[in-house]
Amino acid sequence: MPIHDPASALASAALAIEIPVAWGEMDALGHVNNAIYFRYLESARVEFIRRLGWKAPEQGSGHLGRQGVGFILQSVQCRFRRPVFYPDTLSVTSRLGDIGEDRFTLRHEVISKAQSEVVALGEGTIVTYDYVAKAKVPLPQTLRDIIVSISTARPHT
Amino acid sequence: MPIHDPASALASAALAIEIPVAWGEMDALGHVNNAIYFRYLESARVEFIRRLGWKAPEQGSGHLGRQGVGFILQSVQCRFRRPVFYPDTLSVTSRLGDIGEDRFTLRHEVISKAQSEVVALGEGTIVTYDYVAKAKVPLPQTLRDIIVSISTARPHT
Amino acid sequence: MPIHDPASALASAALAIEIPVAWGEMDALGHVNNAIYFRYLESARVEFIRRLGWKAPEQGSGHLGRQGVGFILQSVQCRFRRPVFYPDTLSVTSRLGDIGEDRFTLRHEVISKAQSEVVALGEGTIVTYDYVAKAKVPLPQTLRDIIVSISTARPHT
Amino acid sequence: MPIHDPASALASAALAIEIPVAWGEMDALGHVNNAIYFRYLESARVEFIRRLGWKAPEQGSGHLGRQGVGFILQSVQCRFRRPVFYPDTLSVTSRLGDIGEDRFTLRHEVISKAQSEVVALGEGTIVTYDYVAKAKVPLPQTLRDIIVSISTARPHT
């Protein structure tokens, strides 16, 4: 269930990142363009995955260490509740939604400092993939443990 | 129901646009970045809306002529079926999904020429909004008629 | 003359902004894409112009208050000294270069925290334009005074 | 010397690509954002380099075949002559400017179909780099020959 209260959203998320809105992210309607929100959600997702021990794929690898297991974004969505304007700073939360055999879902609230409101709600489903075997693979148990532990840790503060 | 066959998707859509993939739209994983798909979907959506007689909001207005009625994107999503690489040219379809009292849904297939495959499926919900009264408003009947007529016209070819 | 030492660059600039690098700003070469630097330079330029009393053009106006005088970016350039990677935080400086009859030039250093280096040097020329008269106009004296005063103020710290 | 006549620019360029303007590439001023032009220039540059036999770096390599020699963009600039609006289709030319020991310069005109005007002029300097030795290297003679031959070939038409 989406959380619409900024303070509760921040307090209960596994983690949150801060992003300054760039003037150039606004489109001809004078507010932040819809595609830009997916860059914001991606930044929150990448930060979550980084906490799992994943390295930034500087060489295009995206591998999760020696197992050859990486992540693929299967789907992503965003619901826009209020327009966002420059100048502003956003907090983007990440919290674990469902966790399945070979996938997990992250949920995100986008919170505007200027408006003190949850301005958008996002959700992305990530599938574990063996880049060597070129096939979906079950979430390794060690990863599953880390995901759950990050998600139930004392909220970031 | 999503259409996975490129030829059927193109033949049955209300319209389709062509977009060349830019090299710079690929991210560090070496394929087109997820946020870019939402720029592609937006281009298809804007083209659909342009057919309704809507003018490009050069002054940030977004108004639909003298009624003061415009459109707001309420939510958008994308499911990624196969990665896309440069060089390629994409066709992005638009077809009417649901149409409600004050909203309608557009469905999109993203088709890769290089792969001859439907590589992604998108969907966006658009709400009619009175920018003067600052409130959601019912879809004017004239607009509803145009939307339905575009959507049931002989497919573009 | 460009300043290559990060500490001197920061100490002597009129102002500097901080920008977190987004993972999705890296391209298929695994480093931040060249076009993204122009988003960074723009953010620094907009912040400088905001200090002059300019309002964010939420309605596409770009006007400078009641004079109808606004700014147009005439040209911009960037020289890349070292690649930038996620994760990193950048400082982007702005300092006054030349100031002419109807234009001024801003110079920018892009400084990487992770590398403690000036990673790029930018420069943009801004022309004053009367949006009502649709013609270039001389920099109003009040604006010129503010620009010079910002630029010679005690460095931000 | 920049060429301001669209027909001459197209006729004399080594090559030109066509790019449809996306609605979402306009910013809050209601015209195409300055950073987007660098995506356009990049697309023209990449197409030029592809003609040299360079492969798209799907794995982040950017190598030029077995020599381990690749290209680095050293600097890029753009001068904006007229604003660009959606809908429009742009032609972006590439022509050889200077060619030096370890670098060459490409010049670009951006031509608007809707306006029948050269709307922007770009220029980028590309350095040859040995990714294995991690050092600038002279342009291999075979590459130099191809660059010159592309540039003096009968203009694309």
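Labels for the chains are A, B, C and D, by order of writing; each one numbers its residues from 1.
Here, contacts are C-beta pairs under 8 Å (C-beta built on N, C-alpha and C of every residue); 3 or more make two chains touch, one makes a residue touch a chain.
Note that the coordinates shown come from a computational prediction; the quantities given were computed from them, not determined experimentally.
S.K.: Among A-B, A-C or B-D, find the interface that matches C-D: by residue number, over half of the contact pairs should be common to both.
M.R.: A-B
S.K.: Taking each chain's centre as the mean of its CA atoms, which one is most distant from chain D?
M.R.: Ranked by distance of C-alpha centres from chain D, the top chain is A.
S.K.: For the homomeric pair chain A and chain B, should the interface be classed as same or different, according to whether the shared residue numbers exceed half of all numbers used?
M.R.: same
S.K.: For chain A and chain C, let me know how many angstrom lie between their CA-based centres, rounded off.
M.R.: 30
S.K.: As a quick test, compute the distance in whole Å between the mean CA positions of chain A and chain B.
M.R.: So the centroids are 24 Å from each other.
S.K.: Centre to centre, by mean C-alpha position, how many angstrom separate chain B and chain C?
M.R.: Centre separation, chain B to chain C: 35 Å.
S.K.: Multi-chain contacts only, two chains or more: what residues does chain D have there?
M.R.: Residues 23-24, 26, 28, 30, 33-35, 39, 42, 56-60, 86 of chain D each touch two or more of the other chains.
S.K.: What part of chain D is in contact with chain B in the complex they form?
M.R.: 17-20, 22-24, 26, 28, 30-31, 39, 42-43, 46, 50, 56-60, 85-87
S.K.: So in the complex, the part of chain A that touches chain B is made up of which residues?
M.R.: Residue positions touching the partner: 28-30, 33-36, 38-39, 42, 56-58, 60, 62, 72-80.
S.K.: Over in the complex, which chain C residues touch chain B? Could you list them?
M.R.: Answer in residue numbers: 23-24, 26-28, 30, 33, 35, 58-60, 86.
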